[in-house]
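Quick heads-up: structures coming right below.
Two complexes are shown next, each including chain A; its partner changes from chain B in the first to chain C in the second.
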Partner chain A sequence: MAVEKELKIELGKQGIFVTTIEELYNWGRRSSVWPMQFGLACCAIEMIATTMARYDLARFGAEVFRPSPRQADLMIVSGTVTKKMAPQVVRLYNQMAEPKYVIAMGACAISGGPFKQGYNVLKGIDRYIPVDVHIPGCPPRPEALIQAFMTLQKKIDGQPLTGEGRPRYLDADAQCEFPVPEQGAHDLEPPSNRGVWPVEIQGRGSRD
Partner chain B sequence: MASSPYFSLAVLFVAALLFGLAPLGLAWMWARLFSPRKPNAIKNSIYECGLVSKGDAWVQFRSAYYLYAIIFLIFDVEAVFLLPFAVAFTGLGVAACVSMLIFVLMLVEGLAWAWAKGILTWA
Partner chain C sequence: MSVVETKAERAAGWNRPPAVEPEGEGELLEVAMGPHHPSTHGVFRMDVALDGERVVRLKPVFGYLHRNHEKIAEGASYLASMPYTDRLDYFCSLTNNWAYALAVEKLAGQEVPERAEYIRVILAELTRIQNHASTIGFLLQEMGASGTPLMYAFREREKILDLFESLTGSRMMCNYMRFGGCRVDLSAAWLEATKKVVAGLPAFVDEFEALLTGNEILMARCQGVGVLKPDLAVNASISGPMLRASGVNYDIRKVDHYGIYDRFRFRVPLGDHGDVYDRYMVRVLEMRESIGILNQALQEIPAGPIMDAKAKLRGFRPKPGEAYGRIEAPKGELGFYLISDGSPNPYRYRVRPPSLINLTVLEDMCLGHNVADVVLIFGSVDIVLGEVDR
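Up next is the complex of A and B:
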């Protein structure tokens, strides 16, 4: 970095703003994260409340819920992902343009939640797609979603554009296709994407 | 050329074109130079709410559908005329009532014709 942080603050006090392309670029990215208009279950109601006047997600530049994955940057998996719905969720994630981020909202989306024992419920969407922020709660309050959103903004802000830790889309070798699972005889095939869920899933019964 | 009365207009026209096209061109160049490309088969597939799209978008409708729609439209408009007629009914003269009757009968005749032609039979 050409300018030290203290010097930058000092210059800022004098009315001189110093920035880097990286900071400017990330500032633009984090200030215009457009979520996809996509709700799965009761968490979606809280998500809707978050966008409305009382909680006002628009303060963070994220009020534009896009009805098409092509225009969206953020997928909020808000609710129970059934095994019937999981392939659609993964396909929608694939169809979003890079850079894309995922917030898994609520107990169901992160782990299956109260329906974890159910034969038809996916035990967390992070088995198939990379999740950036997990929010526990059943459902999480709008404040929690805003907290997750701010966490995501911090993550975007901290991403370097080159070298180690750069976002996936700036890495020419990074894998950007996430295979869509199919309905098998008893379960989704494969039971997880080993690229994002490195642990082998044991006991392929209803409890896995 | 510069003495032509249309010269300033032409200059404005070119400026207006550039004003519209330059941002598009810049955006296109920016995308070509800097946007990272990560295409794959799933990403490029047709967006259909997450489902795999089935069939072709170029669906043909039977021509009977259009006849049906046109007949509906005619009677829709008739209802627009019938409403003020019904409201003003008690104050109307014989001539107005007769002309309205002719109007309705003409439409009924059209309906009878369509019926006889078998358009109302949906098969």
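Up next is the complex of A and C:
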């Protein structure tokens, strides 16, 4: 049962703290999101700059970059994902423990960016893994990464623990691991993961 | 890549280290370091064969960030490749711009006005300082000095990036230089701000050195580790601080007389031993020399135009021919080789990346050392994967 907002504020003034398990739980989760120490290209440098003194990502409880996927909650795909690297990215994502989130940082991670016409560049990591927040930019400024981070925190805050829209790891039927693509004769096989990318990709070497 | 020395290599007088034989019996442990490894500066893989902790074989695996830079450039107009050069070595976009502009200027026979030359020198030396500071920061991070040196380096880097941003509009991908000059002129206020930042840099280098140079742990970890002999360095075409750390006096600013580097007084720091510590020390000293160049350039910069009056941005078609333009980038010799067939886009576009070529001696430097030292030696090469794989 949700408590009315005004009532909560009034009670707070009287020194009484009222909350729900859901709120407390989500507050805990969103305040200590540990990203994976994982850089792909140019955007990784801006990601490092975000953790440094001026931008100070530690204010959001996310300064602990973990080299191991097992200890990380958030994967920041920072840079161009090539077709040689895409299987490793998906494998790393599969190795992360739930709850896990993904930020696609920069034009390349979203869509291939300036290198989209290249034969070797994946046209967006959201073809293989579910992405929670996309940040445009080449590279996005550290402020943009912080904005994405706050967006993610809002998303975590809004997740109910029961019923529709509950996090994936609380749903016994939800898929948490995704098939790792392999290099086929001409392209990655399969060209996309139909679970997260519902549009069929036409033919080999397609430009879309 | 085999560790075993071939007869041809021996005959050619390559000073290769002797093949490391495993001690005792038992199988070698093969480890794939990367492509996701916290210390590989991006997506690079080293397949290492270990005898206990000792490295007996090392095979670099490239291509995880191959982005078709050269092929895209051959299909695009000359000017359209300029933003792509920013993304080669994404720490030093301005020096990449300069090398490419220099190659095209040679191809088209364009002159650069004096003020533009000064602006280029100022920006290139600022780039060099922030690159060397960050490199040392990352090297120390890999050594286990988690945080502090990198924080110091990035504090200064942010100040320099602010200057880049106010001049070019972008922190990292500046896309600033044009064939025959520069895109926008710098203001008096920008010059004042730059002078202020440059005036603060010697104190930063002093602080950095007080923290690191005499540090016993750093010396114990770095001295005598990853030695690169000068003749191997020359034979393998190593360039930049890595070559000079091995004691070879070769700085393209001095030997090639490109730009206006003849007008500035600066010395070329050289190392004695060619180990990781010398590479660290050469970078620190280069930062000091760059500050000297900056002080001179900021004093002497003349007024005048910043673009060659005859330069054509739209419909630019150089005459058929070929040209190679190279500069002393922070990581080494960065060159662009262009062949023109008279059309708006280059017939052949080739980058000579210092990072990739400096990596070719990685195995020679790592053999016989511990795994922990491999990370250190790799860090001291100073690579950026955007440039290695292109």
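In this text, the second predicted complex is superposed on the first by the 204 of 208 C-alpha atoms of A that agree within 3 Å, B and C clash if a C-alpha of one lies under 4 Å from a C-alpha of the other, contacts with A are read in each partner's own complex, and residues count from 1 in each chain.
Simple rule for what comes next: contacts are C-beta pairs under 8 Å (C-beta built on N, C-alpha and C of every residue); 3 or more make two chains touch, one makes a residue touch a chain.
Just so we're clear, the structure is a prediction, and the values are computed from it rather than from any experiment.
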Message = Touch test for A:I146: chain B only (first), chain C only (second), both, or neither?
response = neither
Message = If we overlay the two complexes on their shared chain A, which of chain B and chain C does A:I76 touch? Say first, second, both or neither.
response = neither
Task = Have a look at where A:Q37 lands relative to chain B and chain C in the superposition and call it first, second, both or neither.
result = second
Message = According to the stated criteria, A:M105 is in contact with first (chain B), second (chain C), both, or neither; which is it?
response = neither
Message = On the A-aligned overlay, A:Q88 touches which partner chain: chain B = first, chain C = second, or both, or neither?
response = both
Key: Which partner, chain B or chain C, touches more chain A residues   = C
Message = Under the stated touch criterion, which partner chain does A:Y169 make contact with: chain B (first), chain C (second), both, or neither?
response = first
Ask   = Thinking of the overlay built on chain A, is A:I48 touched by chain B (first), by chain C (second), by both, or by neither?
value = second
Query = Is A:I135 in contact with chain B, with chain C, with both, or with neither (first, second, both, neither)?
reply = neither
Footprint overlap on chain A, where chain B in one structure and chain C in the other make contact = 88, 92
Key: chain C partner contacts - residues on chain A that touch it in the complex   = 37-42, 44-46, 48-49, 52-54, 67, 79-80, 82, 84-85, 88, 92, 114-115, 117-121, 138-139, 141
Remark   = Given the complex, residues on chain C that touch chain A span 35-38, 42-43, 63-68, 71-72, 75, 83-84, 87, 90-91, 150-151, 154-155, 157-158, 171-173, 385-386
Inquiry  = Considering only the defined contacts, which chain B positions touch chain A in the complex?
reply    = 36, 38, 40-43, 45, 47, 49-52
Message = For the complex, give me every residue of chain A touching chain B.
response = 68-70, 87-89, 91-92, 94-95, 98, 169-170, 172, 176-178, 180
